[in-house]
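Chain nomenclature is as follows: A, B, C and D, assigned in order of appearance, with residue numbering initiated at 1 for each chain independently.
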Amino acid sequence: MNIGLIGLGKMGFNLGLNLLDNNFDVVAFDVSEEARTKFAESKGSAASSIKELVEQLPSPKIVWSMVPAGEITDKVLEELKGYLSEGDILMDGGNSNYKQSVERSKIFAETGVHFFDVGTSGGTDGARNGVCTMIGGDAEVFKTIEPIFQAISVENGYHYAGKSGSGHFLKMVHNGIEYGMMQAIAEGFEVLEKSDYDFDYEQVAKMWNNGSVVRSWLMELVESAFSKDPKLDAIRGVMHSSGEGKWTVETALELQAATPVIAMSLMMRYRSLDEDTFSGKVVAALRNEFGGHAVVKR
Amino acid sequence: MNIGLIGLGKMGFNLGLNLLDNNFDVVAFDVSEEARTKFAESKGSAASSIKELVEQLPSPKIVWSMVPAGEITDKVLEELKGYLSEGDILMDGGNSNYKQSVERSKIFAETGVHFFDVGTSGGTDGARNGVCTMIGGDAEVFKTIEPIFQAISVENGYHYAGKSGSGHFLKMVHNGIEYGMMQAIAEGFEVLEKSDYDFDYEQVAKMWNNGSVVRSWLMELVESAFSKDPKLDAIRGVMHSSGEGKWTVETALELQAATPVIAMSLMMRYRSLDEDTFSGKVVAALRNEFGGHAVVKR
Amino acid sequence: MNIGLIGLGKMGFNLGLNLLDNNFDVVAFDVSEEARTKFAESKGSAASSIKELVEQLPSPKIVWSMVPAGEITDKVLEELKGYLSEGDILMDGGNSNYKQSVERSKIFAETGVHFFDVGTSGGTDGARNGVCTMIGGDAEVFKTIEPIFQAISVENGYHYAGKSGSGHFLKMVHNGIEYGMMQAIAEGFEVLEKSDYDFDYEQVAKMWNNGSVVRSWLMELVESAFSKDPKLDAIRGVMHSSGEGKWTVETALELQAATPVIAMSLMMRYRSLDEDTFSGKVVAALRNEFGGHAVVKR
Amino acid sequence: MNIGLIGLGKMGFNLGLNLLDNNFDVVAFDVSEEARTKFAESKGSAASSIKELVEQLPSPKIVWSMVPAGEITDKVLEELKGYLSEGDILMDGGNSNYKQSVERSKIFAETGVHFFDVGTSGGTDGARNGVCTMIGGDAEVFKTIEPIFQAISVENGYHYAGKSGSGHFLKMVHNGIEYGMMQAIAEGFEVLEKSDYDFDYEQVAKMWNNGSVVRSWLMELVESAFSKDPKLDAIRGVMHSSGEGKWTVETALELQAATPVIAMSLMMRYRSLDEDTFSGKVVAALRNEFGGHAVVKR
């Protein structure tokens, strides 16, 4: 089966190798010539433009976009609109907002192009050796591309989720859960660190990964992180975020679903971006106003 | 009526002046000779020890302890145990934990001393010009001291709350509410500050204090704070806390009462005490482990 | 000064009376004939359509829309677009989203119409007797309408906030703060209710309103509510919401501002809408799975 | 090696079988004669009282208490004080509060008895087939009992955590993390359930368990729960709790550690115990007071 892969970043490149391992014919494009060359040297073939990539594919064409959600995905999909036609299949494997995916599927449907939203999980290592995918789009057409997911995913690690948007919806919620789990684990270690005991965090995580209720891939990654830097002395606790956690909370607000833990996980990330807060100043100033409590001067 | 006042700090001194204004005979003690002298110069009289203070009072003696909760209150009340006897009245106006007040009332009851737990609110200015008090203890005996509260409190600003502990319980919950209200206000200004608009915070607070739903004494204090420092540039957002918010949350946990807002107010105070967090490092390290996301190096 | 008032609901009607008291010439429209008649009987005059209302106004025309945000405001403003022209002034006093107000001001600016977003607070009583208003729009043109706000607002109760959108932005944040303050107060009474003490909530609120740090209009309303129903036995704790709290949280997410208290206030409202939760079932099922803990059957 | 096991409940019985499988000589006691008989029939032996159990053990005696934390553990340990002497080893495998464990280790140390606090995780199945244990107490003496943990725990699933209390401290924090992870997962499914999509939860959980970032034992249990009841229709979302989550939050408060996610997990559990809330009534009443918003009557 021939697949056109757009995007050879951390995730896309590994996914490309994964596809090649499973005997798919992959022609790939990336704006970086270096990435293209590297991919071509890895048994894949590279196209010098999206147009060329599409032209190299037999009909019905299968194109998988693995570029970051947002502007770049917008641009790539916009360009593809000009090249794809009736019966072709387009997959968006970026973390696009599920609402956008619903819209895009409608727009592509106008010209008979089947659009699938593909949420992928498992990190870069998963992309390489066995990914986890959740796919939304037409149930019947999905059968055509199912062999791809069967091949590149971990066993039982792909799931046809339902109509358009459901794949990216699942991925969004997956990330919301991930935020909450990460913050829960992190708060646990915060308490350990502030306690009077002198714990060996790597060993604690290792033990928790063997037989405890909280054993999980995230705890394994914690173990790995502590194995490299026992007290994480080298880094600062600045927690960036890439959008899906925010979308999960926004979606929860729309659905009037109470998700305090996911919301707090996100807010603590925002809090970590500021060295000082205006809200803190207001409270400190208030305490000074009514109780004469000392404030900390800058 | 004669009152023995122990503690001439910010609150105690002002309360003493308030009592004097209302024609009570006040003999006061404080460990600081300077405070004693200053109080004696303000129409009050000062005793050089707690023992002497008690001796100067006619029976039944009325003693009001206005020292900080915790060790100092422990020590003062312990010493008073030796000097007070059947029929005397002892008031603890510090922010003691209500459970301790219940215990103390039992212990003093053994020798016939009537113990009252007195929560006071209104800040230092209130103490001087009209305080707000919530009192727990024996209902019958309360009538004896009610004229004191009638005199020194704002109109309708005192409340006999019930049996022992209820005064400090109310004060504790009052402070829990205060934490939540302060954080709510502070978060509002945080959003204003992060917005693209260029608000005049003093004017905003002033307007909100005149006719809006959020008009409140705390908002008046916000207005006052911004009038002195329009963007609070001089201070840092370090939010200390003095115990009652923590007790409110602990009590909520015991009662299995959901108090997310009060709990979060407290936790944001704790968060503000740390420049960096271990929990943040764990999350940042995790993101790096599974997604190769960059970490911020120290 | 002549003012065209659209919308005679709870807020609009009272605002109309307020304007009349202050000697403005008010012609009003509402879809309800009953409301129009009632207003006409109250010294005001009523128009039978928006078109007629606009025609009755001298140029430059001043129109104040006081209909609910959302579809109705959309429709009213859309219709007004056809009737207003260069130099006219249009005020939206509904709780519209500030982003929409920015958009609308741009659209009306195309035809020279000055659009102002007017946040109003103080409830129905405030609308009648002295409202609190926060206004965004052109600074120079504002001077023309300033006398209106001077007249109908509480003293110091109006504020020109800045460029378009700033009025509704302030109102949005005001409501976010309101959510947090209400939930903080409510949680305090939750703890009182679950305690072993037998508090008289009306008296507690009354005392807190006189001299305490938490004295506020909201606490006065709590006092009023308890005076009518001492334990609120007649109602259920279902907390609806009307949008601004949600917008505050959404805006906070966009600005990456940590607002845990406002977010939790909102989420507890959502939680109150459900008799049971799916999340609760998942946790209960999990506890059963790993620990054999009993579940509550339906 | 001979071990005296006290408590043959869900956890204790399985742990006993696990010990027997590993060729330890186990004499067990439980207040239930049925449990004793059943254990005796499973290759173990049973004593008819704690006294008899201790008498049957060779010196230095090794006793493992596996009764619920709280009063029962209090009683059992109190009784053991009379029977154990210099050089004996006592392990508390219940979920006791770590502070109590520190106290108990001191008390037993007075008579030369070595006390170990043993946190156990993994549920009833883990107890039977491979438990996860975290142990606090004397490092030197631990070597004597290490073979026990080596035998009954999953590989790498036991951890000597440090001085007295550290085992139960780790177990407490483990449960705090567990609360947060469970609530995060539950909130995710809450969003799925409230969405317009029609997800197959068992299949979603299965896919997430194969290659995704949130794969974990808890997610496997979710999968198992949904396999039995696809929408959890049979149960109510009442979430009980057994103490360690509360202790984690209390400890966080003492250490001034911000743990919003663990705290919210706990509070949502408390919230789920109430069909209606007083706090909700207060907010609903307030909305009615200032805005005339309708309340829901009982």
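The working rule: a contact is a pair of C-beta atoms (placed from the backbone, for glycine too) under 8 Å apart; a residue touches a chain by one contact, two chains touch by 3 or more.
It should be emphasised that the depicted structure is a prediction, and the values quoted were computed from it without experimental measurement.
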Chain of greatest Cα-centre distance to chain C: D
Angular offset of chain A relative to chain B [C-alpha, multiple of 5 degrees]: 180
Chain centre separation (chain A, chain B; CA means) in Å: 48
Chain A and chain D, separation of their C-alpha mean positions in angstrom: 34
Gap in Å, rounded to a whole number, between the CA centres of chain C and chain A: 38
Where chain B touches two or more other chains, by residue: 123, 183, 185, 187, 190, 194, 213, 217-218, 256-260, 264, 267-268, 271, 277, 279, 290
Contacting residues of chain B [partner chain D, same complex]: 213, 246, 249-250, 253, 256-260, 263-264, 266-268, 270-271, 273-274, 277, 279, 290
List of chain D residues in touch with chain C within their complex: 10, 123-125, 182-183, 185-187, 189-190, 193-194, 217-218, 221-222, 224-225, 229, 232-240, 242, 260, 264, 268-269, 271-272, 275-293, 295-298
Contact set on chain D toward chain A in their complex: 121-123, 126, 130-134, 153-159, 161-163, 165-166, 169-170, 173-181, 183-185, 187-188, 190-192, 194-195, 197-199, 203-204, 206-219, 248, 251-252, 255-262, 264-265, 267-268
